[in-house]
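Same chain, two partners: subunit A is paired with subunit B first, then with subunit C.
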Partner chain A sequence: MKTIRNWKLVVSVVMCLGLFGAGSAFPETRGVTKDAIQMGMILVKTGPVAALGLPEGWGIQDTFDEINQTGGVNGRKINLIWEDDQFKTPLSISAFNKLIFRDKVLSITCMGGTPQTIALFDLIDKHHVVNIPNALAEEFYKPHKPYVFVLGASYETQIELMFDYIMNDLKAKDPRIAVVYAETEFGKKGLEAARKRAEQYGIKLVSELVLNIGSVDASSQVLSLKKDNVDYVVTCNLVPPIITFLKTAEKYDYWPTTFGISWSCDDMVVKACKDASKNYIGVNFVGGWEDDTPGMKRVRELAKKNDRDPAKMLTSLYTIGVGTATVLAEGMKRAGQDLTPESYKDGMETLNNFETGGIVPPVTYSSTSHAPTTVARLYRAAPDKGVMAPITDWRSPKEMK
Partner chain B sequence: MRIFQTIWGKLWLILFCLALLSLPLWADPYIIYMVNISGIAVIAAIGLNILTGLTGQISLGHAAFVAIGAYTSAILASKLNTPFWLTIPAGGIVAAFFGILLGFPCLRLKGLYLAMATMSFGVVVEYGITHWDSLTMGVRGISVPAPTIFGYTLGDPSKLFYVTIFFVTILTLGAKNLARTRIGRAFVAIRDRDVAAEVIGINLTKYKVMAFAISSFYGGVAGGLYSYSTTYLHPENFTLLLSIEYIAMIIIGGLGSILGSIFGAVFLTAMPDIIKGFADFMGRQFVFLHGRYDEEWNIAAFGLLIMIFLIVEPTGLNGIWTRIKTSFKNWPFTY
Partner chain C sequence: MTEGAIYFLQLVISGIAVGSLYALVALGFVLIYKATDIMNFAHGEAMMVGAFVCYALVVAGIPFLWAVLMTTVIAMFFGLATERLILRPMIGEPQFAVVMVTIGLSIFLRSVSGIIFGHDNKIFPSQLSEQTLVLKGLVLSYTHLWAMLISGLMVILFFLFFRFSRVGLAMRGVANDQDTAMLMGISVKRVFALTWGLSFAIAAVAGIFLANVMVLNIAICLVAIKAFPAVILGGLESIPGAIVGGLVIGVLETLVGGYLDQTMPGVKDLTAFVVLFLVLMIRPYGLFGKKEIERV
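Take a look at the complex of A and B:
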């Protein structure tokens, strides 16, 4: 009996692992038929960061739907397949494999996030998957990655713009600046950029404090900053911890000018914090929700048409989604009728100061560089209107040695 | 082959091995990748089942051992160019070392206190890999080069598949045999009643620490394979949630059963696809259900399954499988 049990055990291992075995060989060309284009998207829909992934995904989905309703791209309708990676690398890799080999998509719009995209670099390159990652790490374009196109301003650019604003626009004399950051890849990038820029201006950062994404209270950080008489707080974090920080600061009657990067430059901060956000300034590479530009009008109309309530979502992320899909669709259009992963890449590389009507700054890629723009804009919270209102035009950081 | 004594046993084994080994020739890479991550989950779940199911020592820190193994392999491979056939066992050995370190202070702890201690260990490890930038690259993550053997790259899932299957087979057979040895029986005796076990001559210190060491070795090997499979490690991959997933695997599969670990690991890995497939099928049958599928269902199903199995089927999938087998064996009799 023991013998039977033993061999059955081994057989069971084999059977269980073989359970998935129902696939078939895949063709060499993929994702494009006479009248349709299969597109994939890997973006978090569930879990702690779903609030970020959902509006961006909706923006992409709604844009492709709109394009389909107006005849598609070169006569082909885009069919978007959205896979949820729960912001986990293994799930992102399995979603990638599913999209490429099961659904046979032409391309995948984004890969989930920074760790997921880095883990997929080899596969992206191997299968020629044109994509715009929803992250802004330097590794994405240095060294040059032929199929990765970065959209937006890097964290370095955004932090530099904050310091420039403090020093040149606010004309601060001996400012006492501190950094509050999340212990994440982008948080550390922001911290390093802040250190570098402070050094360039000959300033010593007063303190560097961690405020993690799941934090529900920022008392220790706020009290420490207040004790050090910090006037300007440069943050590198997401919307929820920024809301926590601003509300905690209000509680302790502490009102420094606080700066946030694009992931926290959203109307939601103003709506949640109200007066607590009155000294909050954000940097972003997308247009403001209330901007009177053709691009932002289109974004608002898309949201309205698809029942996306701006009061209940991160509008800046929705705007990024629309911008991403618009750029990807333009690249597809420029690839022409003979749409392949390679011609798609070539089409994207012809974008030269491509205008989205104010959704994102003009987009330029070439065959040697897929680096993002160095242009962004500063917004200030307007608690009476519940929005982040632009306070500068699109600008680049000041050149400094 | 001694444990496959009958001709039928050997024949079936050969047939299944052939079917399995030829999988990369006929299955698409998505399936191969899923088989790989199932295999990795199988190894980790077996390791946890040795500690929790066989020895009765609950652990909420298993993800930490997987992380230690994964980072050991990744660091050895990326910084010292060590070959994968050394880095993966090294991941297991380093994890086992930490398992021993954790095992000693946990000797007197039971139940909730042991759960808290192991969970805290997980938090410490997560903190360590996040902050030891010079070694682990912290939140930037660490890239893992593709494994190679004799100049031949095994980075592709279809090639890594053979490496995974090799380790799954060896470690599954090892665990099955372990359960039948004096060591395995000592583990079970400790689980059933540690005082009684000590009275009959079982050295509690030795065997409890050994259980921690073996369990963490399995976790470490799984971590090593994980690092090659994902090619990029990040501290966020090894949170408490992963430990809970492993606990769920052994509960759903069947506590104390090696076969149960396999069932549980494969079932939970495949569950999202099963639910989605079922939802698609239902959507085709009933129009009002079409397009209703939402990823949140997976999370709800995950929690619901644990509840159902704990209440209705504590022996897990392995218990169901045993009952089905027995029914067929006894048919047409009901006893």
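Take a look at the complex of A and C:
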């Protein structure tokens, strides 16, 4: 009897040691196993603004798939779980909780948009969720948020570049500038930035008009701008309202130079508006679809390989997706074998002028700043080619007091 | 004319153009309410489906006019099927339940359309001339001109239909009192089916016009929300009311945008709903509605 008891004791001790040993060899980390990494993504894929989320999500998905096909990150395959928030903050919060508590993901690539990310700041911090938000507001990095890494030029930078272009490249004398914006978080950020930059240049904005997403017509806005002899229209809006605006302006034979931020700097505007887009200039922090750079060549190949038709999607957003996934994967790689939320963050913070081959400008983060680059490029509509063609190199806004 | 007068007139004309699009949308709402006493909250989605179907046909190489005709017929059958499969089982149920069914239908149609047609932005290969008509400095696009003509034509046709045709009279009878209409030998089921078919066909036409002036995506169905105040303003069961309501909302919205948006940014998009509140408070049965109508 005693022998049996001793034998059971020995087996139990051996099993415990075995388990302990296995645990020591691979300590349990949320979302990380020996050969896989669970990643989440919150991006709209159904509903009225799905056209924005889908191409970006495809870009991220395709890039991770490509990385998996070439061996993964440090031998681990990335398993991406895409949650649809329909661009609604409550859904975004529930998706976040599902990804963290049920799917136990290591991190979440993006949080849905500006309001969603702001609503999730506390949870991101609490659960140490490394992410690159698909929005560009200044409060994402001011004050410093340890787990939020902003990629791309902020709305403020983009608007500043538009004013700089008007004042320094076009050498406008007493320009009459108006702002047309969507009544959304990003639209209001753009308006604030335009007011600030106009003040720095000593200009008074002629008018500030709202053009909301889903507007049937922009006649009142266009007629009002025309009456006020506005020469330059700075917009902070999405592709559909910009198309409506440019087509309406053409109808009234009104041809101001119109500027758009990255969300509306897309070839689709040119394809839809044709000649109506001839005075349209966009600011963007990603390479042009036809750019002859290694990065953009890779983006085009990825799209082709995955049957993403550039004529049917917002190509600039697909490019942002590829850029986002490339940067996130590099951060993971730099975190090494011991991948945890903390080591992932540390890995991201070692990025110093990280080159994506022209997909996005060189990326730099540090332990004290996750601010995005301050460089972007200006593109002008080329109706004959149906594309937004670059008209400047990467540039930063002029330093002004 | 002074510059100020031209500006005002141009805003009014643009408002009429936009209003005629709202009127087309409102017409479908009214048609169903007039005959069945149901407010169809899936009307915007019916419009969206029509626009997608026409887009698919044009992209497949079918000439635009044929595509419009085919879409109208398809939409009509779709309306008939909707009535037969979804709404007929609801006959006799409380009105609230039927309205909830239309809300469910709207969500279903939006999701299914996304699956079938995709969630991306589509540029409708517009066959309506993008040229503009300029008269004494006042500008109007041919697309809007067509929308105005079609709206006007619809009013006349429906006025004649409801006034003089047997089916039209039967529809009015059913709307007035379903039990009495049945006792008079009117097939209420057939009237309902026809109404839904016609309403979906009109929705398709409205959707096609909207797709010609906007980017085509799922969000196009949200225009129906703008047409709703037009319906209330005109009177829930008045066809001329839908047209007048649409035009008034379109003109008011554009005038407010042209004169007040600079000082109160965003007020333009509130106009329709301010009108909605005012009408509901002051004249809940609308400009042309009957006092005894029930609101949902």
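Note that in this section the second predicted complex is superposed on the first by the 373 of 401 C-alpha atoms of A that agree within 3 Å, B and C clash if a C-alpha of one lies under 4 Å from a C-alpha of the other, contacts with A are read in each partner's own complex, and residues count from 1 in each chain.
Simple rule for what comes next: a residue touches a chain if its C-beta (ideal position, glycine included) is under 8 Å from a C-beta of that chain, and two chains touch if they have at least 3 such contacts.
All values reported here derive from a predicted model rather than from experimental measurement.
Asks: Considering only the touch criterion stated at the top, classify A:D217 as touching first (subunit B), second (subunit C), both, or neither.
Replies: It touches subunit C, and subunit B stays clear.
Asks: So in the superposed three-chain picture, is A:E183 touching just subunit B, just subunit C, both, or none of them (first/second/both/neither)?
Replies: After superposition on chain A, A:E183 lies in contact with both partners, subunit B and subunit C.
Asks: Please work out whether A:K45 is in contact with subunit B alone, subunit C alone, both, or neither, and reply first, second, both or neither.
Replies: both
Asks: Who does A:F101 touch here: subunit B (first), subunit C (second), both, or neither?
Replies: It touches subunit B, and subunit C stays clear.
Asks: From the superposed pair, tell me which subunit A residues show up as contacts to subunit B and also as contacts to subunit C.
Replies: 45-47, 183
Asks: Write out the stretch or stretches of subunit B touching subunit A in their complex.
Replies: Spelled out, the residues of subunit B in touch with subunit A are 3-6, 9, 12-13, 16-17, 19-20, 23, 26-31, 33-35, 37-39, 42, 130, 138-141, 143, 146, 155, 157, 165, 168-169, 172-173, 176, 180, 226, 229-232, 234, 236-237, 258-259, 262-263, 266, 270, 295-296, 298-299.
Asks: Report the residues of subunit C in contact with subunit A in the complex, numbered from low to high.
Replies: Result: residues 3, 7, 10-11, 14-15, 17-18, 21-22, 110-111, 114, 118-123, 130, 132, 139, 141, 210, 213-215, 217-219, 222-223, 226, 253-258, 261-262, 265-266, 268-269 of subunit C touch subunit A.
Asks: Which of the residues in subunit A end up touching subunit C in this complex?
Replies: Those residues of subunit A that touch subunit C are 45-51, 54-55, 183, 207-210, 212-217, 219-221, 223-224, 227, 239-240, 243-244, 247, 251-253, 268, 271-272, 312-314.
Asks: Per the contact definition, I'd like the list of subunit A residues that touch subunit B in the complex.
Replies: Residues 2-4, 6-7, 9-26, 45-47, 84, 86-90, 93-94, 97-98, 100-102, 114-115, 118-119, 122, 183-185, 187-188 of subunit A touch subunit B in their complex.
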